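Here come two complexes built around subunit A, the first alongside subunit B, the second alongside subunit C.
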Partner chain A sequence: MVLELQKPRPIWQIMFSTHHTDVGLLYLIMSLGFLFLGGALALAIRAELFLPGAQFIGDAMTFNRMFTVHGTTLIFLFLLPFASAVGNYFVPIMVRYKDMAYPKLNAIAFWMIPPAGALIWLGFADFTWYATPPYSIISAPGPAADMWIFGLKILGISSILGAINFIVTILKCKHPDMSIGQVPLLAWSFLSSSLIVLVAIPTFAAALLMLLTDRLGVSGFFNPAMGGDPIAYAHLFWFTFHPEVYVLVIPAIGMMYEIIPRFSRKPIFSYNSGVFAFVLLSVVSFSSWAHHMYATGMSFTEKTVFMVGTLAAVPASAMHVFNFIATMWNGRIKFATPMMWAVGGIALFFSAGAGGVVNSAMPLDFSTHDTYWVVGHFHLFVMGTIAFGSIGYLYYMFPYVTGRMYNEKLGVIHFILSFIGTILVFFTQHILGLYGMPRRIFDYPPIPEWIAMNQIATVGAMIIGVSMAIFLANIIYSSGKGKIANTDDPFGLGGKYYYPFEQKNPHH
Partner chain B sequence: MTSMVGLFLVLAVLIIIPAADYVFAAGDEPGEYVDRRVLIWNLFFRMMTVAFTVGAVVSGTMIWLVWRFRESHPKATPTPYEKEGVW
Partner chain C sequence: MGGHSNWPEWIYIGIVIALMTWVGAEAWNVERLVEHIPADAEVIKVTGQQWFWSFEHEDGTKEIGELHVEAGKAYKFEIYSKDVNHSFNIHDYVVLMDAVPGRVNTVWFAPDKAGEHDIQCREYCGLIHYNMRGKLIVEEPSS
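Presenting the complex of A and B:
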């Protein structure tokens, strides 16, 4: 059993450790820290948009800086490191190996993230998480923009190192008695997402270098004044970051694959279809990047290809949803906090996917392009599916990390408030988009419908904020003073877990 | 497994082919702006009708599933796997 907090050790022992659970714990704590920082910016953004006109942020430039850092933080410094936390903790245990394949490389990959986070937060760039050229090249103020570019560069290298480690650990270090067809689906999800990272990230790494040299004036790849083309940057960016969506969502689905059978007291309905869907999602993730760019003057044929390529993700996603439903069918489901988050995540995954079909259908995309519909859609994915799966898994792993139980009532309240808040914010933003409100604006005209829907979304965001405060209090209090967990069966489900928690990997 | 893959292939074809048809709503040639907008919004509502129908079925199934197979339901019985203690 891995009990980091129940047997306290000096913090430096954990900080300088290369053991997979220690590195996992560091990832976990850091990612949660950035969750609250990025979330605080989200609340400020929503409060500013409560009414038309400047409220308290002051000017559009500051507003742009806030949503740039909000997006960058929650994607690169919360969701990705949180997935790495779970992977570090459980992948070696699941494949029955003593540690990650390269423990020192693993620690290096982690320790690259805090300086990158510092660069992003101390710079506070204003050019959106997309680093929009030609603005980012010609007039985005430095050194904030340069710090952001270097921060993302470091994060990219960290992701690649982490991905190599996961792939080698799963494929080469799994126990000789374990075939690849017996590797748990959570580990499969890390294998799939790590392969995507390896293929996708180098493209953006190149784009960042080109962006930097363009800013320095020594090249003009994306600078129209020097014969460059900003649309080329869009291709390079989305070739990396549409697959990146799957890098985030695939581990979250893998976490649901751990929770749902456990709490349904049944094995997963179809292991093979889960593996097949992960692999299929990994492949089709590369066939859809240009659906972000229908409005850039692509040819009809190109648009058609990418529309069909995007829709190809629907069957794979549906396979996961049906697998979850079939697993719960005829089960005896215990609705403890992790299960509530997982089921809520599936419900919102379906809604987010339905909105995505509209975005991918090119005639409809023209109506919703760059409106709040898009904001609602991707937030429903990252918050409603990825964060819901991740937070559910955090509750699930809590007794294994701390040796104590979280407060169940507070966990349930956290879920209910977050679920209501998520629906209020992001469903409303879809409708706001249909009413034509553009995204990334500091101020908006006093149209009654826009005001009303912005106010609903802001109230929803505040509800999520309250739920997150409850969550923070719960995990801090429970990790120190919570009830001691029965670490063999913390949720009272009966039965045994199929990965051997009792085989604690000794610290080194 | 094979039957499941077959089922999902059929579903994929059913989803992709009608969707590919929608692209003809937006050509690259200039003109016909008003007609195209009408067509696009018409398609939007058609797709939303389909989405809400499928959504209602899936969500309804999930809500019923959650209600019926919860452990506190009067008809809840241990699953066969609980007797073996492994799942």
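Presenting the complex of A and C:
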């Protein structure tokens, strides 16, 4: 492991490096930067919705641009690169190889992201994270829309390159003494999610090009005025992005598989069941995409097929939850910061999944679709599960990256505030959806229930904001001035099998 | 699986599968019933455009932003869009259907008592999406 900050190096040495831990560090820092940028937009959105009427965001267009860039940023510029950071650091070590299979390709995949991020932020498009035609073709203002399309295009290519690298590293570069059945679950999670990326992303990549030529007026794939069909785009988009949600969640589950057994001081309950559930999820994730499209006018038969496909994925997710609980059962659990985030994340994962089942049931979805319920649903995943797992893992890897310990008290406060805030925001949004408030609205009529729910959600968001400020201060301060960590056992867990990774980086 | 006994996991998975089967069967059954449009339903053409709703009754009467119907009758909405996607929504009656240019989608409802309800757009459609709202006015039966 690198002790980056103990042996300071000039920044350009890290930037021009192709070594996996250096690229991992770049991914880590960049993704955290985007977490705070995207989070700031979220706070502004919540502040605007505190009361009906325009508050401080001048006009609806600015608001629409803000939630579009918020979603795009946190999914593509925070969650995905954060997972890549962890994968870069740990996958080669876990399969006992000196680096990623293709180090240069790895660095290229990383360096494609900042320009893509710049395109998205400088453009500031308004057509939501799914760029639905025909709005995105005939109505969305350029050049913002075109910049977003190019940004996403670049991100898609970067994802594909990253996925190829992980797959080859795990399957072809693992130590000859190691069978695939010995590869840790975290590495398995990268293998599964990378396979999903390879199958899923090309579809959206094609749709993006079609969208671009439609905007240029040279084609009419999705433009009804030229004989095209907007619903075709919806199918292509969701064929990619329903599986993509598993690309996000699977590595986060993998991170929890590292944390939970260690802090329970027990081996994982069932390694095989973890592997099986990952592989199963990556297959069934392709059977449910049109559950996002029940209200587009699909036939009863189509809706039924996709409902069954969606429900079929539930047992696989449920297996992970079981595995975690069974691992903790009778363990000598140490509730240090990483463990709190992981366990909190599992609790929220469970509640998020329960809401997902409601969405899947056709007649119920007509109450929830495109209301705040859906916003609450997927945020319990992206924030409650994936970001929680990721942040827990960040605390967990902190001593390895910096050689120092973060402040445990502040880490716990960060968790408690974020957990309360997440419940206040996203559980409330489920209820708000049942009261009928549509998503993506800049302003709303003064319906008392809507006002009350919005205010609770805004307060929750501010609590998360405060906790994140504490987090930022903690990691910045501790990486320079924190207590020197005992890198053999930074969390004082004892025992021999907790840190099987090599401590020294052969690169330095 | 593994070297050790795993029966609690199998029982648990069995329960989850049973639950999902029940949810799916129940949803299938309810959806089948609610999608059955009564033969005597009166047709109302609904058109969404940036950023208002307009309605045309069977007898040719047109309304904008407001829709008058009678309690105790069944209505079938034929939903059109003139520009981008919208979604026609009367939340109180769980009426929700996208308005997609180039397509006609249908959905029906039967208001049971007189009253006023909100109509809104639930699919993002641009600048004034947030205020693409209307009123449904359910009147007492005329006869």
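The criterion applied here is as follows: the second predicted complex is superposed on the first by the 500 of 508 C-alpha atoms of A that agree within 3 Å, B and C clash if a C-alpha of one lies under 4 Å from a C-alpha of the other, contacts with A are read in each partner's own complex, and residues count from 1 in each chain.
One rule holds for everything that comes next: contacts are C-beta pairs under 8 Å (C-beta built on N, C-alpha and C of every residue); 3 or more make two chains touch, one makes a residue touch a chain.
For clarity, every value in this text was computed on a predicted model and none was experimentally measured.
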item	value
First, second, both or neither for A:G494, with subunit B first and subunit C second	first
First, second, both or neither for A:R265, with subunit B first and subunit C second	first
Touching partner for A:P134 - first (subunit B), second (subunit C), both, neither	second
First (subunit B), second (subunit C), both or neither touched by A:S367	both
Partner chain in contact with A:T296 - subunit B first, subunit C second, else both or neither	second
Partner chain(s) touched by A:D229 [first = subunit B, second = subunit C, both, neither]	second
Contacts of A:L311 with subunit B and subunit C, given as first, second, both or neither	both
Contacts of A:A347 with subunit B and subunit C, given as first, second, both or neither	first
Touched partner set for A:I45, first subunit B, second subunit C, both or neither	neither
Common ground on subunit A, meaning residues reached by subunit C in one complex and by subunit B in the other	270, 272-273, 276, 300, 303-304, 307-308, 311-312, 314-315, 318-319, 357, 360-364, 366-367
Of subunit C, residues touching subunit A in the complex	1-2, 6, 8-9, 12-13, 16-17, 20-21, 23-24, 26-28, 30-32, 34-35, 50, 83-85, 87, 89, 91-92, 94-98, 100-103, 105-106, 118, 120-131, 133
Contact set on subunit B toward subunit A in their complex	1, 4-5, 8-9, 11-12, 15-16, 19-20, 22-23, 25-28, 36, 39-41, 43-44, 47-48, 51, 54-55, 58-59, 61-62, 65-66, 69-71, 76-79, 81-82, 84-87
Residues on subunit A engaged by subunit B in the complex (per definition of touch)	261-262, 264-267, 270, 272-273, 276, 299-300, 303-304, 307-308, 311-312, 314-315, 318-319, 321, 325, 328-335, 343, 346-347, 350-351, 354, 357-358, 360-364, 366-367, 494-496, 498
Residue ranges of subunit A in contact with subunit C within the complex	60-61, 64, 126-128, 132, 134-135, 138-140, 224-225, 228-231, 270-273, 276, 295-297, 300, 303-304, 307-308, 311-312, 314-315, 318-319, 322-323, 326, 357, 360-364, 366-367, 369-371, 436, 438-445
